[in-house]
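Handing you a structure now.
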Amino acid sequence: MKKKKVVLTETPILQNRKEIAIRFSEVDSLKVVWHGHYIRYFEDGREAFGNQYGLGYMDVHQHGYVTPIVKSVCEHKLPLRYGDTAVIVTEYVNSPAAKIIFKFKIYNKQTEKLVATGETIQVFVDQKGELVLTLPEFYIAWKQKWKQL
Amino acid sequence: MKKKKVVLTETPILQNRKEIAIRFSEVDSLKVVWHGHYIRYFEDGREAFGNQYGLGYMDVHQHGYVTPIVKSVCEHKLPLRYGDTAVIVTEYVNSPAAKIIFKFKIYNKQTEKLVATGETIQVFVDQKGELVLTLPEFYIAWKQKWKQL
Amino acid sequence: MKKKKVVLTETPILQNRKEIAIRFSEVDSLKVVWHGHYIRYFEDGREAFGNQYGLGYMDVHQHGYVTPIVKSVCEHKLPLRYGDTAVIVTEYVNSPAAKIIFKFKIYNKQTEKLVATGETIQVFVDQKGELVLTLPEFYIAWKQKWKQL
Amino acid sequence: MKKKKVVLTETPILQNRKEIAIRFSEVDSLKVVWHGHYIRYFEDGREAFGNQYGLGYMDVHQHGYVTPIVKSVCEHKLPLRYGDTAVIVTEYVNSPAAKIIFKFKIYNKQTEKLVATGETIQVFVDQKGELVLTLPEFYIAWKQKWKQL
């Protein structure tokens, strides 16, 4: 019985899966994707997540906020090459802070191997350009909707 | 004698010369600069020209205009490689139209060979977002200053 | 009757249609797609065409050729903004020369308006790095298959 | 006297300082440099360091190695805007591992404020594409030359 209660209060995992074909222009002279492009893949993942869960740039913007990136980390395990398809798995990291945190896993679709992992942290900035240290109301509502509070 | 008079009324050639070192991230899997990056080299050239002659993005903006690109052309003669230095020569093309036209020549500094030529055409858009079909006053003044009228 | 014969010998139009969502990172401080990114959209169009008709980078490469861009042209009619979807229509231009020529039309999917047109010209370079002035055999075969000869 | 001995065995700090003007195309719709471009600024810093100390891509390559990035971190403190000049300070992090580690500090030249910090880690991969777990000889020689051993 207790178990059931616990299950009810557990936060579900919010995740998006997005495929992108590697572009010729993204591959460097070593014939692998240049490492800087992974930051764009993370952004592609965040956008797809935002579209799926209603937390996109436009959603945030219409509530009067922007959410600049304050930190990004990327670790590379294996290269991606032209012709490969990358699978970007974007996972929301629940946190009590006034931040939006995502973890990323990028897989090679063909080999199913993990090629990179990463993380981005965003903060809330209001229309005056001020950093917001408490959760904006719309974000509390969003967290409630998705059982992340 | 007539010749002398003609010379006096000729429009001087306005030209900027800018060097840029090729970046590793700009080179593709064929070990040459990916063709799309030349558009940025042209922008580097335009900016250097704007700084030299007082026709930069900021100069135009403070007079209430933006000057979006409506056409760009790039022709490639030879490749550029990592380690090369590109010399971008940006030349103002005098025209009676309400347009800013530049011609570009990109040279390989080491070999002194011409590697690419190009052209961009910009129009004037005012603060209402409307295309402006007559020369803005500030631009007439600029052309007078540099004897392009 | 004659008409029928004529129809039989006409070259069919080879065309690909590819949709891409505008990325946040592609939009500049004027809130429109920076003009240089259209060159990548053209490349996306060429790749989609290549995949559909068997004339991709890899297809060409396995026959011992690369096909560098020697000219690109882009004309802008209207801006694209974040949130828009671009429709890239890539059309093969039949030519007797040892060149691959494409024409591009980019539409705003939502408004159905034409936002840009363009063209790219590619040449054939063999494994020695030499420009090839006659049609490579594999390309003749490709043209025959698609009735472009 | 002891102090003097200590000084003799201390590793000197290897540092490069490189200025870059922010490009129009690097600024996003919020009028600040898009976060992904900092990865290129770090690469600009690494290249300038490599040129200064003889540890550039070409130096490494001629000894039969490539040094792919396996991790990058970037933390943003303040935005950079069009018109700003960024000062990239690249510092070599001495480590016993078969890795090349750099720390970066990016300053706004005008305000002299720190706008971003970062780190990249590179590994050695030999001509067979194998990860090298011991210090390559040329790298030992390089470390000796610069008193980093």
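The first chain written gets the first letter, and so on, giving A, B, C and D; residue counts start at 1 in each chain.
The rule is short, and it goes like this: contacts are C-beta pairs under 8 Å (C-beta built on N, C-alpha and C of every residue); 3 or more make two chains touch, one makes a residue touch a chain.
The structure presented is a predicted model; accordingly, all values stated were derived computationally and were not measured.
S.K.: Between B-D and A-D, which chain pair is linked by more C-beta pairs in contact?
M.R.: A-D
S.K.: For the interface formed by A-B, which of the candidate pairs C-D, B-C or A-C is equivalent, sharing more than half of the contact pairs by residue number?
M.R.: It is C-D that repeats the A-B interface.
S.K.: Chain A to chain D: how many Å between their CA centres?
M.R.: Each chain's C-alpha centroid was found; their separation is 27 Å.
S.K.: Distance-wise, how many Å sit between the C-alpha centres of chain B and chain D, to the nearest whole number?
M.R.: Their C-alpha centroids are separated by 33 Å.
S.K.: Can you pull out the residues of chain D that are in contact with at least two other chains?
M.R.: Chain D, residues with two or more chain partners: 24-25, 30, 36, 40, 43, 82.
S.K.: In the complex formed with chain C, which residues of chain A make contact?
M.R.: 21, 23-25, 40, 43-44, 47, 57-58, 82-83
S.K.: Can you tell me which positions in chain A touch chain D when the two form their complex?
M.R.: Answer in residue numbers: 30, 32, 35-36, 39-40, 43, 66, 68-76, 79.
S.K.: Could you please specify the touching residues of chain A with respect to chain B in the complex?
M.R.: Residues 24-25, 27-31, 34, 36, 82.
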